[in-house]
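So, here's a batch of structures to check.
Note that subunit A is present in both complexes that follow, paired respectively with subunit B and with subunit C.
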Partner chain A sequence: MSKTDIQIAICGSAGDGTIAAGDILRNAVAAAGYRVIGFDVYPPEIRGFGKCISRLRITTDQSYSLKRHSDVLLSLDDSQALPHAGEVRDMGALIFESQPIAPCLEGEHMSARVLPGQIPYGFPMRELSQQATGGGRSRNLVALGIIAGLLGLLPDPFRKIIARKFGKQGPEIVARSLAGFQAGFEDASRTFKLDDVVFAPIGPREPSGRVIMLSGNAAVARGCLDAELDTFFGYPITPATSIMERLATELPKRGRRLLQTEDEIAAIAATIGAGYAGARAATATSGPGLALMSEMLGLATITETPCVVFVSQRGGPSTGMPTKTEQSDLNAALYGSPGDGQRIVIAPTNVEGCYRCAGKAFEMAERYQTPVIVLLDLYLSNRYETVTLEESGHAFVLDANKPLPRLEPGETYRRYALTEDGVSPRAVPGDADHMHVITGLEHNELGRPDDSESMHAAMSRKRHDKLQAALCHPDFAVTRRFGASGRVKVGLLAWGSTFGECLEAVFMAQALDIPCAALKVVMLSPFPAQAVAAFMDDCDQVLVPEVNYEGQFAQLVQGVLARPVTRLSRVPGSPMPVEQILDEIRRLARG
Partner chain B sequence: MNADLAASPAPRHHVIIGNGVAGNQAAELLRDRDPESRVTILTHSRLLFYNRYRLPRIFQDVTSWPELLALPPEHYAARRIHVRRECRVSAVDPRNRLVKLAHNETIPYDTLLVATGGRGHLPEELAEYRPLFHHFGSYEAAMATRRALPDRGAVVMLGGDMIGLDLARTLLAIQCRVILVTHETTFWPHALTPEERAEALSTLETMGIEVIDGDARGGIVAVEQGAPGLPARRVRFHNGGDLYGDVVMPCFGLTPMVEFMVGTGIDIERGVLVNPQLRTSDPCIFAAGDVCQIWSEEERAYRFYYGYRNVRAMGAVAAVNMTGGQEAFATTRAESIGRDAQGRIDSSFWVYEA
Partner chain C sequence: MSIPIKPVFVDEKLREVQESGRLAYRSHALPTWCPGCGYFAIVEGVTHACNAMNIPRDQAVVVSGIGCSSRFPFFVDLYGFHTLHGRALPVATGIKTANDHLTVLAVGGDGDGFAIGGGHIAHAAKRNVDITYILFDNGIYGLTKGQTSPTSAVGLRTSTSPFDNPERPLNPLLMLLSYGVSWLGQAYAGRPDHLRAMIAAAIAHRGFSYLHILSPCVTFDKTSRTYVNLGLQVRDLPPGHDPTDLMAAMQLARDTDHPALGLFYHQTRPTLGDTFDEIVARAKAKSAPVTD
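Up next, the complex of A and B:
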């Protein structure tokens, strides 16, 4: 059976409904049984101008990244979409407005940018919307109808999702939206198809779980809920805000709490406070917020208080590029607080990983009594994927605290007892007979201030050593190898969202007979040195692709293992193109 | 060089309306003769220049449009010929040298070549049945007709111009039934004497085409959807005697596509009127191909010249004169109809050189 691998891009201005159209499209094709990866790019401005692009790759089997070239580009606003015309492959389709209202000079209409190998389709989207709905605002739904009609997609999944999406706005809006979709669908269905973009029918699938569409941030929120997060404190910041937005809807339904604090310092302080009180607590932020939280994270480290911080990276430093993706907060996540601020840092590589890492982060925070940073980035936060969830929900451990031993009569509770595994029994306020002191000062086993050399060394060692067990945390793969086994010419070390592009590049390299493999590194602190070293032993050359300027992960690897790697560090503000990684693999393979 | 043309600063912009043989031939020569210029072809088609003379092959062995392309897509980039597809010209403004497109874009030009060709002519009395007809004027239309025609199906061909008769040869080869309803445009663009016409019709019958005398039946009164269980179309005549076919194709010759030129002040009769240098009454606007009527000194009249060789020659002449030349168009073909070695109809109109 032939397989589907189609990438569709919808481009317009803010306010055109570009992102909404992308959302409906990806949900409709997912409902039809296809696998989807989608990523939206939108402007930093709130509304009214600026470019929006919704890209989605639709496949029969799981894919791991977007493609460099789209098969279809639909322009809702040529002034924004013109530069992207060249992204459409030969024999792909370029769909645009055939009757724009405003006059334009030569070259300002999409038809001027159609390359000889591409197929142009002009549709009177505004007029169709006007006729079907009495206004031009449903152009985006007309556009969706055109995509469905032209590509031969069944309209029913679209209709259901449109009805669901606009249901809250009342039956009139739903009817109007459906009419807009239908107008586009009928017009495109009558259009002679000249491109070669074809959806292969979906065969029957093994029922291995529930397939749903989630963004990275939505998966984080779902992971939090399935791990029974008690309380969330946050302050809005792109691209992390939607985690808080989702939890704000869901937590109160479950009798749990969410508070928007006055700033990020308050958010982390409240999170630590809730963690101290025994609640599962979390916050979410981006690079600038992480900087504000760094001092308080040190408090969580020294007080050995569980807390979870989701950090979605964006272009920096400072305000930087709030709506562009980057992986440049790794150093801040690893080292960003005064003193030896040991903590656990994990980085999911896809949407399903966001869900798992979110749930597991609470386990780790409790088990190792430490802050856990879950490092996302804008590409992963805003990326949509079809993910398969187990029907029964994931079995996260809902209480990973070390059991509190019964005290013998006259025995004093030692909150920071030096134990073999470095983890001390943790009492929370209300636990009878376990009163103790909590302080940001260095302390002894009782928690009382003690800055002696021996105690500081012992406690530093305790805080460091206890985290090593996280490398073997149950049901959590800190690294995973993909591609060829055994000796390879080129090995890729990859983390975070860039792993998807790396994996696609590895598959392409293997198709070119280049022995190649990739190691996905999910746990960044403590660093899985043994696993990474073993992988590097198998590689003639090691390539580290990442979306930051300084090669922060490469520095980490070299700092720990003192071995050479080849860096591929780029800061395009967008995901690293697969072809760029493949080119580097080929170069290294040639020796 | 013409004073109006010479006044244009380099690099000049040569705009061609039409993506057929004449337009593309002109584009190639314009590129050669004026290397610094911009050359833009405007077409309402979604396809690059394809070989319409090979369209009948889609009923045989051509299964996709790329097989029909006259030139590969890379050619246009290499030659810096910008083909603007999905562009419908709504008007021309000779005073400001602007072409206006239906999507509200204006294209400035220094020289303009109108090479829009013709569309299938439909007699007025049949216009109301347009939705029921099957067409052959473009790849898309031909494919739609192909899909409507079952294996060994029946084709009713109304009129029977040389474009239709070319297709008829292919249809016979794939064992379809071809029923020709004659009309004054049968054998268009050839103008035959009654004797020649009778002989040619007889030849068609020899080839296997069923010839129905349209005049004898009093002309067509209606075209209808066929009843369930019968072929998809029914053609009814004034004097009775219905005809059934799976497809019904109007083949009544071509009408020049000149609507967008109305109101420009350019002289138009049925087609755009040009002198032998293919220049219109505006010195910067030229016309070539099936859209233009060329002044014939010999006949003291404007007349059309059809067929691949004529049209291509017109494109070349236009390009020469758009870049300052003074070449005159002269047809080299005898517009003849005859029989080939197998006794089948043959026509200079069908001659095509790839």
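Up next, the complex of A and C:
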């Protein structure tokens, strides 16, 4: 059976319904059984003249990144889409408005930008919308109908998704949207097909688990819910907001609580307060919010209070590029805090990983009594993937928060007892036997202020050592190797969302007979030095691709292991192109 | 107003204290404050109030920020969290959100509350989170050894305002009233009996209660807010003051030359916990399967 691998891009201006069209399309093809990875690019403004692009790659088996070239580009606004005409591959299709609302110069119309080899399709989308619905607002749905009609996709999944998406707005809107879709579908069905872009039929799927479409942030929210999160405190910030929005709907259904606080300082403070009082608590933010939280993270470290912080990175520094992706908050996540801010930092690499890391973060926070940062980025937060979830939900093991046994007569409760593994018995308010006061001051085993040399050394060691166990945390791979086994010419060290592009590049390099492998590093603090060193032992050359300017992960690796690596640090505001990584692999392989 | 002076004998006082039961609420840690500090009266007031109200020790949490006053949690035998400068209120909000059954007190000074932590007070008051905020106002930064605070008087000379403080002090009571606080009172560290009654009333209020306690800093302010000056300035609430009248409370709060002691204002309205419960009920009603 042949395999499907089609990438579709829809491009328009903010307000054109570009992102909505992409959403319907990816859900419709996922409902038809295909695997999808999708990523939207949009401006920081709500309306106006910003560019929106919704890209999705539709495949038979799950892919790991988007492709550089799309098979189909649909333009809802030529002024935005013109620069992207070149991203359509040879024999791919360019779909555009054949009857623009106002006369325009030749060079400003998509028809003038079609490259030799590309197949132009002009449709009167505005007119079709006007005829079918009495207005031009359903142009994006006409466009969807055109895509379905041209590519021979069955219309039923589209109709279902459209009815569901617009159901809340009433039957009139649903009818109008369906009419728009139908008009586009019929018009495109009458024209010549795009026979170079073919959807291979999907065979029956494996019976276990179920496939659903989730964004990275939705997967995080789901992980929180499956880990039985009690309370969530947050302050809206792009691109983390949708985690909070989803939990705001879902937590109260389960009898749980969510509070929008006055700022990120209050969000993390309340999270720590709730954790101290024995609740499972979390917050979510982006780089600017993480900066505000850094002092509080130090408080969680020194008081050994469990808390989970989801950080979705965006372009920085300062307000930077709120709707562009970047991996430049690694240093802030690792070190941002007064003093030695020991903490756990994990970074998922795909949507399924977002779910798993979310649940595991609570396991770790409670078991090791520590703040845990789950580092995402805009690309991962906002990208959609079809993921397979077990029917029963993941069984996270959350057994660390349990009442302490009664004290023996004459025994004194020591909140920060220096134990062998560094983890001390933790009581919460309401326990008459284990009353104590905790403080952000350095303290002794009883929790009382103590800044003696020996105590500070002992407590610093305790807070550092107890985290080392996280490197062997049950049912959690802190690193994982992909690609060729044994000795390789080029080895990639990759973290976060860029890992998907790295993996695709490794597969392409292997197809070119370059012995190549990639090590996915999920745990960034404590740093899995042994596993990374062992991998590097197998590599002639080590390449570290990441989307930041300074090469923050490369610095971390070099700082710990003191070995040479080649950096591939780029800040395009978008995912690193696979071809760029491949070019670097080939360059290194040539020696 | 004249203060009646009667002799106090140490052994009588000691017996009275021991028999009162309030020592159960005192920890064994000695306060780190200077001799004569007004804050001793506040420790006494809190232990008195907890004892009188029979609050189980393990069911109460004292949350503080940073400053002289914020060392408070170490001196009482309750659960305690000594947090960061200015952040007692959001931490306390998290604790109360996690466990409604706890009695949560937030304590701190004027710098902690109205300078670095000023942004949180409005929201705690607006949400009506059911905690008691006891603010120790001595008009100076004591722990960092005598700098100007948001409530320092104009003209106060400190180490950071060697040419005298040019800024007008904030009016915390007016601020709190306009934020929508649901219980507001004022007390003076030099009047311990009144103080302890006010602390008990503040704790008893269901919702966000704010108790402003005037206190001298005997070490770093020898001129402005001394026991002598404060003693001459403070006055009782005017007779017939209606504590449900917001405008009357605001009028009272405007008189900073003669701070009134007592309950300025109170109001009954849903707490943050109540609104959480309502949201949960609405969410569950909405998501409940429809049966016919």
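Of note:
One rule holds in what follows: the second predicted complex is superposed on the first by the 585 of 591 C-alpha atoms of A that agree within 3 Å, B and C clash if a C-alpha of one lies under 4 Å from a C-alpha of the other, contacts with A are read in each partner's own complex, and residues count from 1 in each chain.
Everything that follows uses one rule, which is that a residue touches a chain if its C-beta (ideal position, glycine included) is under 8 Å from a C-beta of that chain, and two chains touch if they have at least 3 such contacts.
Bear in mind that the values here come from a model prediction, so they are computed numbers and not experimental data.
Shared-chain residue A:I119: touches subunit B; no touch with subunit C. Of the two partners subunit B and subunit C, more subunit A residues are in touch with C.
In the superposed model, A:S111 lies in contact with subunit B only, and not with subunit C. Within the superposed three-chain model, A:D399 lies out of touch with both subunit B and subunit C [touch as defined at top]. Look at A:E411: by the touch rule set out above, it reaches neither subunit B nor subunit C.
In the superposition on chain A, contact is made by A:A432 with subunit C only, not with subunit B. Look at A:A102: by the touch rule set out above, it reaches subunit B but stays clear of subunit C. Touch criterion not met for A:D451: it reaches neither subunit B nor subunit C.
Considering their complex, residues 46-48, 65, 73-77, 83-87, 101-108, 140, 143-144 of subunit B touch subunit A.
Contact residues of subunit C toward subunit A in the complex are 27, 29, 56-61, 63, 66, 73-74, 77-84, 87, 89-95, 97-99, 101-102, 119-120, 122-123, 272, 276, 279-280, 282-284, 286-287. Of all the residues in subunit A, the ones that touch subunit C in their complex are 230-231, 233, 249, 252-253, 255-257, 259, 261-263, 265-267, 269-279, 281, 295-296, 299, 303, 429-432, 435-441, 448-449. Note for the complex: subunit A touches subunit B at residues 90, 97-106, 108-109, 111-112, 114-117, 119-122, 192, 194.
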